[in-house]
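This is the structure I want to talk about, given as structure tokens.
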Amino acid sequence: MSLTLDTAVSPMAAPPAEPGYWRSVFARLRRDPVAMVAGLILLAIVLMAIFAPWLAPQSPYSTSMLHRLQPIGSPGFPLGSDELGRDVLSRLIHGARLSLLIGVMPVINAFVIGSAIGIVAGFVGGRTNTVIMRVIDVFYAFPAVLLAIALAGALGAGLVNSLFSLTVVFIPPIARVAESVTTQVRSVDYIEAARASGARSLTIIRRHVLGNVLGPIFVYATSLISVSMILASGLSFLGLGARPPMPEWGLMLNTMRDAIYVNPWVTVLPGMMIFTVSICFNMLSDGLRSAMDVKL
Amino acid sequence: MSHQARKEDSRNAAPLVTSDPRDRGGRAQPLLRVKGLRKHFVIKRDLLGRPLSRVHAVDGIDFEVRKGETLGIVGESGCGKSTTARLLMHLLQPDGGEVIFDGDPVGTRGGLSLREMRRQMQMVFQNSYASLNPRMTIEESIAFGPQVHGVGRREARQRARRLLDQVGLLPERFAQRYPHELSGGQRQRVNIARALALEPRLLILDEAVSALDKSVEAQVLNLLGDLKQEYGLTYLFISHDLNVVRYVSDRVMVMYLGKVAEVGDSEALYRAPAHPYTRALMSAMPSLEPGRRTQTAPLAGDPPNPIDLPPGCRFCPRCPLAVDLCRGTEPELAALPGGGHLSACHRADEVQSAVSNPQPSVEESV
Amino acid sequence: MSTYFLKRILYVVPITLAVSFFCFSLVHLSPGDPMDAVVSADAPREVVAMVERAYGFDRPLPEQFALWVSRALQGDLGLSAANGRAVTAEVFAALKNTLLLALAASLIGFTLGCTFGLLAGYWQGSLLDRLVTGFAVGGVSVPHYWLGMLLVIVFSVELNWLPSSGAGPGSSNDWAFEWAYLRHLILPAVTLSVIPMGVVTRTVRAMVAEILAHEFVEALRAKGLAEKRVFLHVVKNVAPTALAVMGLQLGYLLGGSILVETVFSWPGTGLLLNNAIFQRDLPILQGTILVLALFFVLLNLIVDLAQARLDPRIQRS
């Protein structure tokens, strides 16, 4: 669902919420070979990011004009070197940190903020709901990429700015899904019974709504991570995100692009990493969804 | 205004409700009094959002519930009985009218607050499964209400376990279970326990037994009877099942299209209905006697459209006794001679005396 | 039916206003004096004063907005801060090229996507299905700018079959329907088509599978309906959603082409945006985003109305 943030195509129905439901979902997920492989690869990359300083053979910042653009397999540069003579392997390993960060953080932020907005809108209903959702709709008037670039372009280059822009981009779709699921849950009898016992709205949300609503929103949010990774690296590719000399996969694609005629295959590697992470997240998310889809 | 003489009822003998410390006004004062209750739903709006057409789900009803009695409310789907229940609990905002609980108006300044009202009036819903949060244990669900009103966690749980015992579910076995692990009848017992956890004086049962198998229904009805005796409760029993209503109620109220058609003592209503609609309902009840079969369709005409109401009496299009007066003027809910029995029909006394297809009393039909 | 249509069309007005306001405020979002974005720092005082008056920076914000909107309605989106040319002219010239690219990409993406989706949906669970699904998942996961680079490496650098940049020979900015120019279109269009192809494939496949599983299809077959007829029936049911998705994808292509255009130096709105960002040319940035967003709003409107026409259930809600 890259770059589309389509909430309409797969309508999010509130799943049956018995406890033990999630346990069975994860049991089913464990039996899905594709999802498991994807999960393991992701785990490996995350570990690589965490232990980067110990795994990388060289510093990602040390340049060497003598050894510019070495091909793959050169001595001392197992995956070649970039246009400033830095070891590509080390940069790739260190790059995992930044790239994962700018890919995942916006979705986490948007999950928190978007869920809050959507749940409140869905629970309160009525005119407040309409007003809130209309404001959200305005952001939907922009294609995601355009919005991200517009914001990042206006705010200026930099990591924080691109994190902010991407968070803003992902809040509307998450809010929409949150509102939709909350509206479904809200009209169920046990919520009315809770109101009948005199509980205040906040209490009802906390004890009755959240547990039943956060699950589907979370699953939807996971499907956005791959889009986020591509967009975030894309922003760096345009020079709007991470700035040189930071090791980040998108930025590496940008800076090495001019060398495409001299040392083509080295330039491919960072993109390969983005692709791998993105596809793994997608497969995990798909697996999660189909594990939830089983008729009980 | 409606005026009812008090009547001592021999069947479900009301226990001494005056022993409740919250009681005000003693037995003479009705526990619940409803005046002009009104609720409409907008179904079509114009371009600017202004309402174009409405459904008057509840269109100005008046009734009383006396302390210690069981008032049954019957009617077809769409007559407004469930809406009334929700209006009483203030789960829906009334568009007009008053609700007076034991002399105190509810929801207005100086009267009973909503929160206080909910400590005295509770409801059991029809859908036993949907009424319980699937992610909470039975004990947690029951304890939730008291906790909301300040009862400590441990005490609330103890209360929950006591109540489980009272409704016939062993606390050791059921307290930690989840709703999906219980049968329909067991869940309804839990719902009753949950409603009682707040120690209410009035319990609204909105089709509470309708979804249960007959044998289970009987058990739950018996339980309700026992609880009523024990706690000195007052019941508002809403159902579409006329037999059950007759069995449990002291008085019965018949609703049609958002208004009260008839109110009266249970036996009297069943035996000699004073409204054509009630009469049609009674004759539609399948009889246990092979000799008495329904020869003609009890109700003619199309089911009503609650949006485009005809002027005059709402029941006109289907009423076999309709005359011009009925089509022109809407009848008021008025008392019949003898007191205690009210009907909203211009020709009520004729209907009452023309008992052509009466429902014999329970004893007679066996 | 007409109330829905009317409401939907009227809804465009507040959306357009909101979108315009957002574009307008971009200038004020960016750090620094908005004046710097419009005129260079070492310009003579008279020029600065004149620009200030023309843009109305000395007036309160609502007035500025009104001024900007009224000018925009007349077709005047200001002057580029980098080269002083009229923004409107630049944007529309670039838009032509982007539309061309988007149309080409959608043509490839949609036809292939529908085909693959239909095939996979019909032969669910088969090897073909799994291949197609895998390919589609890859398609939606791939960073398209990277894919572009890959294609350039393979077809331009290694094989030297296709050009790697520009819209035409001599990196001209105009385009004509000749092979010399078409060569330049191939790689960018293919690159851009991959993501919509993936999305359409997945959508169509899911819908076809769902419809085939419906009992009424079994009933139709039991009645002896020819397979071809069943197929037409499936298509009829899938069409509204598929068309909606395709319409949306076309919209995203317009906005998302920036990355691909950057890789291939395709002279479209994306490249224009890219340059504008780096030269801090805010009038061009504003103008481009405004035009693209409005295009997207228009596209959404058409898609919604078309879908309502095809699917009567929507109007009732």
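The first chain written gets the first letter, and so on, giving A, B and C; residue counts start at 1 in each chain.
We adopt the following convention: a contact is a pair of C-beta atoms (placed from the backbone, for glycine too) under 8 Å apart; a residue touches a chain by one contact, two chains touch by 3 or more.
From a predicted model like this one, the values you see are computed outputs, not experimental measurements.
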Two chains sharing the most C-beta contacts: A-C
Chain closest to the assembly centre - both centres taken as Cα means: A
Inter-chain centre distance, chain A versus chain B - centres from mean C-alpha coordinates, in Å: 52
Distance from the mean Cα position of chain C to that of chain B, given in whole angstrom: 59
Geometric centre distance via CA averages, chain C-chain A, whole Å: 22
Complex interface listing, chain A residues touching chain C: 1-4, 6, 8-10, 134, 137-138, 141-146, 149-151, 153-156, 226, 230, 233-234, 237-240, 250, 253, 257, 260-261, 264-265, 267-268, 270-272, 274-275, 278-279, 281-283, 286
Residues of chain C touching chain A in the complex: 14-15, 18-19, 22-23, 26-27, 29-31, 137-147, 149-150, 152-153, 157-158, 195, 198-199, 202-203, 206, 241, 244-245, 248-249, 251-252, 254-256, 258-259, 262-263, 273-274, 276-278, 282, 285, 289, 292-293, 296-297, 300
In the complex, chain B residues that touch chain A: 86, 89, 91, 114-115, 118-119, 122-123, 125, 127, 130-136, 141, 144-145, 148-149, 178, 180, 191, 194, 198
Residues of chain A that touch chain B when the two form their complex: 16-20, 188-190, 192-200, 203, 207-208, 211-212
